[in-house]
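Comments concern the structure below.
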Amino acid sequence: MIDFGYGLTPSSTLKIENVANPAFEELRQREPDVAKCIACGSCTASCSAGVFTEMSLRRVILSLQRGREKETLPMLQHCMLCGKCLLVCPRGINTRHLILSIGKVYKMEEDR
Amino acid sequence: MSQNVVVIGGGPAGIEASRRLRDLGYTPILIEKTPVLGGHLARWDRLFPEGIEARTVLDPMVADLDGIKYFTETEVSSINRLKDTWVVKLSNGLSAQVRAILLTTGFDLFKAEKKEEYGYGIYERVITNADLEDWFKSGAAPQFDAVNVIGFVHCVGSRDEKAGNRQCSKVCCVTAVKQACEIKEKFPDATVYCFYMDLRMFGRKYEDLYLKAQKDYGIRFVRGRVSEVSEDNDGHLFVKAEDTLFGKPLKIKMDLLVLMAGMAPAADNHQLARMVNIQTGEDGFYLPQSIIGSPCTSSREGIFFAGAATGPKTLPETLSEAASAALAIDRYLKTPQKK
Amino acid sequence: MRERILAAYDPFVLPFVFGMTFVLAYCLIALVKVLLQLNAADRRKFALSLITPTTIVKNIRDIFCDCLLHVKLWKRNPVLGYMHSSIAFGWFMIIVIGHIETILYIPERLHRLYYPIFYRYFMEEQNTTLQGSFFFFLMDFFLLIILSGITIAIIKRFRSRIVGMRRTTKLTLTDRIGLYSLWAIFPLRWIAEGFTAGVAGGSFMTVPINWILHNFMSKPENITVAWWLYSIALGTFMTVLPFTRYMHIPSEILLVPMRNAGLPVRHTRKGFALTMLYSCPSCGVCIDACPMGVQKKNVKDATVYMVRNLKRRNQKRSLEIAEKCLMCGKCAALCQVQMDACGLRLAYRTAQEKKTNQIPADFSYLAAVEPIAPAVEPVALDDEKVLYYAGCMSSLTPVISRSVQKVLQSAGVRYELMDKDGSICCGRPLMLAGRQEEAQQLIAQNRKLIEASGARILLVSCAICYRIFKEHYALSGVQVWHYTEYFSRLIREGKLQLRNSHQTLVYHDPCDLGRGCGIYDAPRAALRTVGQLVPALKERKESICCGGSVGSLTLRYEDREPITRNAIDNLTANNPEAIVTACPLCLKTFGRFAPVPVFDFAQVLADNLE
Amino acid sequence: MIYQGKQRIWSEYQKEIPTDHWFYVRSCIRQSFFPASEKTFLEILRDRLGKDVYETPHHTTCGGIAYHSEAIPQETVMTIIARQFALMTEAGYENYVCSCITSFGLYSEVIEDWREFPELLAKIRENLWKATRREFKIPTYLAHASDLIYKFRNQIAEQAKFRLVNKATGEPLRVVEHIGCHYSKMFPSKGVGGAEYPYVLAGMVESWGGEVIDYPERRHCCGFGFRQYLVKANRGYSVSNTHKKFESMEPFKPDMIITNCPGCPYFLDRWQYVIAEQTGKTYGENGYGIPVFTYEEVAGLVLGYNPWDLGLQTHQVAVEPLLDKMGIPYKPEDKYKGPRGELLQRPDFPMNIKCC
């Protein structure tokens, strides 16, 4: 392979057509409410951990739907499970159980 | 002999207004350019938000037309003002002299082929909401096989300068969610996506339908406008959009794409407007005296509107506007003419 | 008094002996197993408690009151209380008296296990002699008490409404065998002693039975049949006991001292927990207690079913129950054997989290949270600088922190707000989710911040935070006060001038404040100065959870509503003009559905300051 | 694909292209990328079709590359273009045809600007007068060279010696047509067939026997885009775009690519080499790439010109497999010979993409 000093940059397009997202399906079994999320961001706004870190439950749910959990799972480590998101969610999603279920379905990669 | 009123447009607005006028003792002359009464409703299978059959709304109306002279496949050839009456000449040779004309010309479904980049009329697997409704109504076997991923594209020809329609057509979001649930029933293990900019579920029980779509039918909502559609070598579609909430472009291979064509102003609005010398708004729909205060009266004496002729409307709004137009006509005809 | 049967033995005692040895062996093995399962520290703690005099007295008193007299049950349902205590205490006395007779008159037979039980058969005694008639009378008296208890038990079995029982558990097969054998024991004893009454002595019970069944009892060969049946009934009951709900009889005797020793529930099926599982009599009191029981589908989630599923090692159901529970503690408060139901469930959640959670917590960012600027000038000893910790939930109910500050200012108290711009959570919701170590990290960081603030009093307006500050924070030099206590103290010290609005108020005891920390009267005392208190149907220890608790992990939002509405009906039974509570979560939860305005405790005070 | 759907769109975008008397201007870089294309264009129009196509040696660049790379302001480029038109007026022509797509887009844009802002036109006239003492008239018709070949595609077909057909199987060749973006994307009405389905190349392919492929990324940029490839730091972005196109057309197994712009053929051709060397992947059959042609070269092949006279030897991707498919005779040994038959040096071949 010749190094020309420039190369192909990978496409940032998400190809999710038939990406069988088994993990998300399992999460949906454990907590069907995750489907009700309308990504309004109330949870992220009122998040106790969000005051100190970039924790955002909205982005986590969305990235799980897109199969891109690697980018957002580290955020969940900061969650104190205080339950404020549970109180403010306009869709009445049991966000605490969702977070706990995510912990059971998705695995953190030991990159360190 | 009771006074006549000319009603132009045989859709739900025209029919309902005619029935009300008849009940008020007038003889409505209902003119419909297509062979069938009922307008777009005649083509629809089930209505949001609860999915009741369109037939159950239309059939009783169409069955109750005695006392109304209606002419299908007939158009208005000319209208002229004679003192305080209008002389209306019809394409079937008849003519009527009336003091009030009700324009219930409704809307045209936006021609989805105008959005070339979506490929309607070019890719087999791209259909419109009307085509889908036809298929639901026909009960025929599915036209395509291996339908595993289905997409609904909102705002086709609505809120779109390039398509010449800046206004929101109001009904396509809730129709899309309804059809998404219906199609999921037909293809239970398909994944259904809805591409929206803003999901406008404003009416009563609309939000419940949205919630049901999410929870029970597993419809996936992607916040992002579809930019282009292309066909791969086996005839399936590539749909491109940006997931604006996630901030990344998105490409999905789909087996069926439904374009939610919006409500465009009726093509022959200008023609009729010229005949009776009234204006259409910048958006092409007729201009009532005031959108809030008197949506059914026009700027010209004796000319009235009802239904989607003055802008996108849901069916209940159309029917109630038809009733209020009938009353407006009744009040106008009952006031003594100024000598 | 002489021995009728010189060999002091008869084959009919065998079933009883077999049953007795079996149950004693079983209990012994279980005891050893339980003690071995305790970890070393708990075992030492338990042993220590057994020799400290105060706990010994407490143990004896508790065993006597709970196990024999069922005092707690009397308070709750006198009829059932009588039934249980009559059978338990009566039977206990019969055994004791039997042994006393044996010791007095034929001590050498004492080593024979069966002898005191079948004393009548082996010893011939006339009711004419003083001690004979005395013992006959005593025995028959307790026999009567037991039989009365048994008749109530039979009525309860078929017409449970009459005895005021509402919902209870279904009897398993082994329970049924145990129950019917228990019923059979004493009537058979009555008949058996009827025979001996004919031959030797008897009293007001055994003699009349002899007349009634004279022709049957006169035939000598029937005598052994009666005693055989009596022994068999005893034997079957004893053998089947460990597998029935009646296992609670022996195991509660072990549970009481373990509880008094203050052992924690570490594992759901080992040590203290195992004793609990055995001690559950499946009485079903917790079914009525559970606030979730409002919905039919939740009835099967009461503690009795948790115990049952744990015994049957049904992982799936145990987890479901453990995760759904509101942790309101009402079933534990009313439990007849005072089982730590919440501790059991929390232990299950903790084990589950440790096993299945794959996203470890990372609270390293907490270190960056700076403490509140410590008071610049040194704080005089008596000057109580107050640090007010409103808690996460209070940022969603601002009326609370605003009212608390208004009251503090009016009382001239110098205070600092610990979480003006977002706080580190107190850790209790994390702990309730089963993440104990992670909670410790929050506790450690919060402790550092509190102690660094130089305050001497930590004021908390949330019942949930209060409980964990009380139980898990070892704050040196800082006292933790719940604002209900602190404000009623301010009122007592005259630092707060309040006017009585004579508004009829009902006070809702937040679970973590009332049952959790035992604070019932302080809020009521304060509220009486500003309004007229109206009682709820059920309050104090039996107050009904508002349904909004973060204790429940899996309850769906729509399933919380019926619980809340039920709690509101309970509160508004005497139609107060307003509901007052002392927890942000209850405030928010009631606020959604209550027909009358819902105020926070501090809000009511703040609104009625002079 | 519903063919009538495309035809309906084409019917809305037809142009009335004049038949004769053209003033021709060349492209700055097409001769260096594909040397014989412009010569072939003139030969076909003048000799084969007998058209009057005048070309003055005094014409210059249209200034497009500099303008698009923001090296010169709009007024400067407009004055250059005004001078070109002045040459045309002086030569007595009214129909202006340019060889380069970027120029065509620029000319259309400039003419459109002048139409909307007459004062700008007046200013440019003054600039030109001051600079060169010349006057000019705006061409009555502006066309791109491919428009002309499209217009006379049937006459060419009549004189054709070969067809875009696979000689062995008789199947029409599968042809990917790539239109330069500046041809119709800026002004859809200025392109034959509009922006979504331009017909200018498709028309040629169909009349010469080939079959057009519509692959998903057919309208995606070829990767040329001036600043993308001029600056080395951006070049990765340029080759990634081309890579996206090839990945998308691969399942359709195209035999050849026909283009009408200076940059597209060059980059579609050269980047196949870079992609092959970097990723080891080729898109043609058995290790070869997909040959890329300008429409003039294809017209030349169809009319039977000698491939080496069309300059096909300067292509990076070997054209021989396609010539064999069409049955066009060629002498492999003459490939690397100079104009007088002397053997030029044979270039050393790349590792991952076959050449002949």
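The chains carry the letters A, B, C and D, assigned in the order they are written, with residues numbered from 1 in each.
Simple rule for what comes next: a contact is a pair of C-beta atoms (placed from the backbone, for glycine too) under 8 Å apart; a residue touches a chain by one contact, two chains touch by 3 or more.
Owing to the predicted nature of the structure, the values given are computational and were not obtained by experimental measurement.
Comparing each chain's Cα centroid with the centroid of every protein Cα atom identifies chain A as the most central. For this pair, chain B with chain C, the centres built from the Cα atoms lie 66 Å apart. Note: centroid distance chain C to chain D, computed from Cα atoms, is 89 Å. Averaging Cα coordinates per chain places chain A and chain D 48 Å apart. Chain geometry summary: the mean Cα position of chain A and that of chain C are 41 Å apart. Residues of chain A in contact with at least two other chains: 33. Contacting chain pairs in the structure are A-B, A-C, A-D, B-D.
Looking at the complex, you find that chain A touches chain C at residues 33, 46, 48-49, 51-53, 73-74, 76-84, 86-88, 92-94, 96-97, 100, 102-104, 106-108. Of all the residues in chain A, the ones that touch chain B in their complex are 12-18, 28, 32-33, 35-36, 38-39, 58-59, 62-63, 65-66, 68, 91.
Chain A meets chain D in the complex at residues 1-2, 4-9, 11. Against chain D, the residues of chain B that register as touching in their complex are 113, 116-117, 119, 121-124, 228, 230-233, 235, 238.
Only residues 148-149, 191, 199, 211, 214-215, 218, 220-221, 223, 240, 243, 245-246, 248-254 of chain B touch chain A when the two sit together in their complex.
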